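The two complexes that follow have subunit A in common; it is paired with subunit B in the first and with subunit C in the second.
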Partner chain A sequence: MWETISLVTASRFLGAGLAIGFGAIGAALGEGYAAGLANEALSYRPLKSGDVLKNMLVGQAIAESAAIFALVIAILLIFGGGEPEHAILAWPAIGSGLAMGLSAIGSGIGAGLPAGAVCVGIVRQPASANKTLTTMLIGSAVCQTPAIFGMVIAFLLLFLDFSQLPLYPGWATLLGAGLATGIAAIGPGVGNGLTAMEGVTGVARNPGTYNDTNRTMLVGLGIAQSTAIYGFLVSLMLLFQTVEPNSALVASMAPLGAACAAGFGGIGPGMGIGYVGASAVRWVARRPTATATLTRTMLVGMAVTESTAIYALIVALLLLIVV
Partner chain B sequence: MDIGGPDFIKGMAFLGAGLAMGLGAIGPGVGEGFAAGKACEAIGKRPEEAGLLTRTMLVGQAVSESTGIYSLVIALLLLFVV
Partner chain C sequence: MEDLTYVPQLTFEILGVHLVFNTMTILMTWIVMGILIVFGILARHKIGIIPNPFQVVAELFVKAFYDLTEDALGPDLAKGYFPLICSLFMFLLLCNWLGVIPYLHEPTKDLNTPLSLGILGFVIAHYSGIRAKGFGTYAKEYCEPIFFMAPLNVIGEIAKVVSISFRLYGNIMGGSIIILVVSHLVYSLVLPPLLLMFFGLFVGTIQAFVFTMLTLVYISLQVK
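Let's look at the complex of A and B:
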């Protein structure tokens, strides 16, 4: 019906809009939160405005990075098209826009939370400003990991050659690859932010517990990443599996269903595991003698919270492999 | 609807521009509002520091605005340049 070039170019523009539209949400939320807490910190000690402003800007810069990834993907989508000859190439464009845009939501919010906490922490305990800042940098950097998964999938969708893929059900595998990582990255991003925020506050309150707090924080951050990794795994399977031409509805809905399962299944457990980590780190900082008990309880709690994400991954794998 | 090739591209570009700016306005809106609210609280605690607190609020809001500006740039690109 429509020329192929028009269809693919139009989809690239739509994908660019989705990428920057979703991508701008998270970073702005996180940065605004950091700015708010910076002012709260200044209300306690106005004379520290130089330090507080500096650290606020550092934290906000880390949160901004997710939005900058999204901007890069959007510009590549708008200006990077060639002379596409296959209608299937419309779908990697939309998939990559969704992958980058959606995954930047969680990481932006998540990186802003410790940025705000570092401002309050520095004002409360100026002598340990370095330790507090280091904890924030570690925590924020790990928070960006889900957005990096999204960016990897976006780049794969943009630069791999999909022209030989059949249109049905190829459209569903490509769109699903974008959705799986994009949606699955939201929960872990925010959850990691909660854990990192409590890590920073804990080190500020009790600089002597720096080692215990950081260790517990890193364990918690690592486990929260798992749901984003499930989404990433399903995306990679969708991208690299061999696709037979099949115009039945079932063949298209299976990959899409798998992407939805892995994607949406990561939201809740990601945030929940992050909350568990946050509470555990908070109390490790207040009672370092109870670190072992707290870590044990944290791991048990995280394992139970993870269960529905595992069910979602199983359903996704069933849809991809068995059905 | 009678849709030709170039018409379809323009149509999707407009949709993309709308999504870019529409969704992109959410984050700065909420974030800057939170920053302003916290600034009011801080000024309530220390009215004599109003100058410093307002300045810090504006700096923080400007950083949060930046992502909204990216969305605006992409939206304008999609509307007028392509």
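Let's look at the complex of A and C:
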């Protein structure tokens, strides 16, 4: 039988591993995609190698920030521990690692896509490199939002005091709080990346539509994040609800089930809404006179795509409040 | 590090009602409102063909947001809704930028501020929807495609308030947490100003714009 202190310390190490392990997946994929497109761009216009390299590095630096968030959490988990005396404190560490690590996957991949598009874009339209770069900066920064939600939950799990929480079902609410935001953030991160990539490509193709394209892109990005926000909401509810001691299996499975519902329910709609946004932004850039019609169709399509995420949210809230 | 989730509060018992005031949020909101009012007075002061610097900034805001509102709602409705949209953006922008100044905090870091602005937008959007279409048409839209989808449509509308306000809250809260923690880790050397520029100024501007645009889009969806 392990003593409590070593159990808690061990779980902090496990949480650190989960945070940076999962967190390294997305950023690396996204940066690799950006570097690949930079190569493609240079094969068209080798003389632009300086500009392309500069833009590629800027884009990759932003794509990496999700992994850096995960690194900060991992370091805090390894070095931040005191002398824990309650076995319950093992679970916030694992939950925190899962929240940060999983949520960094989507944002990392997503922020890499516009970084790749900007390399091709400035080669296609060198005169409007500044507009293309600005669009990329806005798009990639908004792509980080799901990872920021994961980071908020990870910090709350790390720094709130859970020592008075009953072990059963407290372990499930803490683990669930991490899982809900972490898994729900995967889809919106990738979906945001798709939309932002088309925004950058569109501005590079038709710089005159800079305002229309950016506005449509931001609305699309904002709505694509909704499912990550539902996961964030469920996590906050799990963290701040009052937990009565109850060692029955049902009491532990209800929060875990709610977390899985909100988490997995958010993956598909996040990517799907991102795809709707990507198409709308692409065609706004090509036919700016139809912006109003395209935006309305985009919003209706997004609302329908989002309905499955709302079913998942309803099940999660039922599990949290009714059961 | 302990002040991560600390909120200074004043609690009162008045007539058996338990009232809680988040003093820091209220104080910071008043500072933002004060700055905006002073800015408005200065912009109006000695208004003329050769504008003073404040008038230039104010005209930039007015022009940009009038065009946005006109694109979304059409020229007839734009006059009515434009003041709301423009002042919402200016308020949120200053709120998100306020954390850059030492000892001041973003009011949007407290969930109450974004949530109340989200509910404000929700009520205005639905009120304008009922006024533009009549209650019958408005209510019938909830029964699309079939009548028993109505509860889901209602939840979908409420989910919009949740998503619009938690998006702002999560971003600003996340930014201020990472600034706090990283400053603590590096003993406030080198990194914090760069982080403040990214999370405070850049993300703050984008999120203020996203919030305003979504409010405008939700109104235009209801009106048309």
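In this section, the second predicted complex is superposed on the first by the 322 of 323 C-alpha atoms of A that agree within 3 Å, B and C clash if a C-alpha of one lies under 4 Å from a C-alpha of the other, contacts with A are read in each partner's own complex, and residues count from 1 in each chain.
Criterion: a contact is a pair of C-beta atoms (placed from the backbone, for glycine too) under 8 Å apart; a residue touches a chain by one contact, two chains touch by 3 or more.
This is a predicted model, so every value here is computed, not measured.
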Who contacts more of subunit A, subunit B or subunit C?
-> B
A:V219 contacts which: subunit B (first), subunit C (second), both, neither?
-> second
Applying the touch criterion given at the start, work out whether A:Y168 contacts subunit B, subunit C, both or neither, answering first, second, both or neither.
-> neither
Would you sort A:E31 into first (subunit B), second (subunit C), both or neither based on which partner it touches?
-> first
Looking at the overlay, what does A:S11 touch: subunit B (first), subunit C (second), both, or neither?
-> first
Go through the superposed model and pick first if A:L299 touches only subunit B, second if only subunit C, both, or neither.
-> second
First, second, both or neither for A:F264, with subunit B first and subunit C second | neither
What residues on subunit A does subunit C touch that subunit B touches too?
-> 75
Give every residue of subunit A touching subunit C within the complex, in rising order.
-> 69, 72, 75-76, 137-138, 141-142, 145, 148-149, 151-152, 155-156, 159-160, 215, 218-219, 221-223, 225-226, 229-230, 232-233, 291-292, 295-296, 299, 303, 306-307, 310-311, 313-314
Subunit B-facing residues of subunit A, complex | 2-3, 5-7, 9-11, 13-18, 20-40, 42-43, 46, 49, 52-53, 56-57, 60, 64, 67-68, 70-71, 74-75, 78, 108, 112
Within the complex, subunit A is touched by subunit B residues 3-6, 8-9, 11-13, 15-24, 26-39, 41-43, 45-46, 49, 52-53, 56-57, 59-61, 63-68, 70-71, 74-75, 77-78, 82
Using the touch definition up top, name the residues of subunit C that touch subunit A in the complex.
-> 1-2, 4-5, 68, 71-72, 152, 155-156, 159-160, 162-164, 166-167, 170-171, 173-175, 177-178, 181-182, 185, 198, 202-203, 206, 209-210, 213-214, 217, 221, 224
